[in-house]
């Protein structure tokens, strides 16, 4: 029998669709196990300022289909300082909270590791659209973001085909190219530029477009992960070297929001319930992750060095093969 | 009984959802009236180069739900010159085409007026997402674009609310503010900046945001039509004067594409069939338009001066009233 | 200067997307005019039982994108009896409510007319997906429902085309065929059966399908408004007389829900604000309606006999013409 | 170096979103490997009648986002008879086809096993929305179908909540409950009935609803896989025993169609390319499958007995836990 009597839950870092399903599963699982639960607002910020609200079943009813996070979120600068982490830990102790569930990305995990030194047991759930938490094959929000980016590119291509243009589309994923890879393959992109594989070989992209142009193709699509290269420069280069009108679209924040897909709702539910299971087994300081599509948990300090989530080489090679 | 034996159809200018329904209706109506029909590729460009294909029922089957235009489109610089219009007119005469149906915006209408001098009977159908053909209350593509912009802003706001930010979203509509007005009202924008009404009064926007902030609101939305003001500058100004983090999103080309809404499919069908009806009545050089939600037709030279499509003042005042 | 100090608002009958925008506009307009506002739950039922809540700006924030109605709804049997209407009127008087805004369909309008005899000033807003309030060209929810039905039929047709089948799809609209007409035209239906025009001529539908089959078509689509004919019987008849496998789909309740379209959010906002304007002008017992796409208001007793919303003959004839 | 010079590809059984991506990947991979490729229409039927077309890159351009299958499909009764399989095998040999790629469900796999006796090398790709090919954790179309069902139920629930009703929604999945399980969990269903777990215990469902009703809940959702129980009878039972109005929705064919999700496009691409890789390695009669989210291949005769795709017990238990 677990000694856990009361837990807190928060969402931190960039918001991601599916966070609400995870929050709901934590709340329902906790309550069904007789554990009291408190929601912390705006991530670690709300922990420092003790901005909280008790959570009951009615508070999480029908939130599965809501984008964003009902607990709000932030990137806390203060939590990087020990004095604020001490304040946050004191707040939790003063309110008899036995453990914290933190849903977010790498920054959230690092925060949890630092927090372990203040004696707070934290369970992390990977939630970030970029799928860039290295230890987990999946992170909440990726599936929704990939579909949103794909649908946006489908739209852009309607116009691109009608006008006989080249579209250069920048998507999110500064550190991991999965959004670009999935959205690009799903929309038959002629080239996909991702941080893991980009070698600066613009010439091969230009040559691909020229070859297709010679074959009679009249519209083209290049998908670029943000931060890897400069999309407007690339478009200009394509125009200069091929004579084909090229236009840039930056998808931006639309990729963060929206009603979550079935996968993000399901995996959010699974991860949230699993986190409570871990606590009930008196495990402490664990990172929930997906490996081989199975739920597992790691020690949070070890998790930071695990690399399950490298870009899939077969998928990447295939993206080049299918860029016919 | 009409003397029309063969007609041509083209799409010109920016592509707009619903153009395909109009093309389909023109083709089916013509064929059912015993009129032969030829499709001209890439707008007036294809007319000059006689890039065409005969159109039958099978060519337009199930195209209602396709974005873009199956006939492709362009903004033809050459058609601005008389010698190319003469070439285009000669092509049509050489192929025994009695009349042309041209689907597009203001530029398309101006082309048709110039073309009248070459002796070619042209019927215009208003198609442009911006709803900026002054003589018609409705132009094909607006409804789809307004919904696309709205759904994108819904997504952006999920993230904006989660982080407690101000979002400044730039939508299309350089000359007419209807996309901004509809998408902004539909998403409860705190301020909407449109070309018809913008007086440069940034202070009132800042004051609105400050007042709401004082009331406890923590996220804000400003929708801006492109070209009216500089979105990044506005976001910086909001940050500087209110201290609220402000982020810019430029929706861009996603607003042009996508599967058309029911309205764009229906009005495309109505306008296409009406254009053939007009031809069958031996009317020449007419602009199809919507007035009081009813199909009418104008002489194309007179149409250019008709102003049915001013921004609706009740709608605009309401947008300010509802920006609670 | 109006004498209105406090008003109540309710939604009644079948729920319709856009009702929330109308509620929001009533609330914001009232508050901005210094009028107190109370929300009545579950339509006329909540009026009888005085199930209410005060409404402030925060209660209607960001509800534009929510389907259904935040005030809940019902079809009240009790309100058909005078004693319950007296009770409801007494409740309103006891709480110093000067006027009622009721959003709904024909039943709601009839309730308001009866309520006028109890001395209660009621303003009606037409809200029903079927677009079957005769005095108004538009009723809230139709645009969303038409798009939902269209998208569902687009999906059904993917499967129908892949298998070479005939799909018979039943949509809502027992008294008015607009959902069937719009969704059917938008999806290139081969036949559309609506209550206003159906003459029982099954043979012409069979003949149409046979003729297309002879021409090499291999999939077919028939859209039927509910209650006009028996969809399974029709499918069986098509199979028996043409040998083509025919399958029935009944779209059902998906047509009522979902995030409202831009039009339903905009027209909900317009009608809600207009209703408060009418009250501020000390007009009583008015029905808000759309005529020639313009907002107008009728006396509620006269409204019941006005027929703006007949099925559009051009649209219907066109649907037959385009069923190529 | 492989001896494969020419292959055929077909889709068979129920159509599933993602089949087109698989076809495209087969075509592009084959052509890029110097292998000629022919498309067979309407599944095994087209093999018997040699209804085919050569496939080039242009034929599969931009088909990733199309629902259904461009090769059409069927459930072939004739292929169950040896004489027709002999005819089909003869056709393939007469046209120098070295191998067949067949995309479909269990029936397709059984057809391929029988076809092995005619000396035809067949590679199978699992494609069916029901995810009911036992040897593979994933089958093309499931993700799209689960999302379509989920979105439809989201809509139904808007209306259900507004009226205070119980909705009983029947989804596809006669043999495997995954669509019901995912769509039900994603929409916070109060009960989910699936073939693997249903024990006929209606009382527990009634008791759950009664308990929630006593707690103040006013709307309920039960998701049922088709064929497991009678949805109208269940709805009547709920009404009879709880007094709560209950309505049935049968989602039907909308679950088959629609633009594929990112996952179905990606996994279709992966499986199609992998099938050609298998052929290039001179492997014969293989079933492509997913195990632990990794692509593998089985001998088709052994595949029929492998059970990777049992219903996930953690997911099912969780669905009961979260039905708060």
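Residue numbering begins at 1 within each chain, and the chains themselves are lettered A, B, C and D in the order written.
Rule of thumb we're sticking to: a residue touches a chain if its C-beta (ideal position, glycine included) is under 8 Å from a C-beta of that chain, and two chains touch if they have at least 3 such contacts.
Model, not experiment: these values are computed from the prediction.
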Could you name all chains that are in contact with chain A and with chain B at the same time? none
Top of the farthest list for chain B, CA-centroid basis, is D
State, to the nearest whole Å, the distance from the C-alpha centre of chain B to the C-alpha centre of chain C. 28
Taking each chain's centre as the mean position of its Cα atoms, how many Å separate chain C from chain D? 36
Roughly how far is chain B from chain D, going centre to centre by Cα mean, in whole Å? 40
Per-residue overlap in chain B, given as positions that touch at least 2 other chains: 154, 157, 161
By the document's touch rule, what are all the touching chain pairs in this structure? A-B, A-D, B-C, C-D
Taking the complex as given, what residues does chain A use to touch chain D? 21, 24-25, 28-29, 31-32, 57, 60-62, 64-65, 137, 143, 146-147, 150, 154, 157, 161, 182-183, 185-188, 259-263, 265-266, 269-270, 273, 292-295, 314-315, 318, 321-322, 324
List of chain A residues in touch with chain B within their complex: 11, 14-15, 17, 42, 66-69, 72-74, 148, 152, 154-164, 167, 247, 249-258
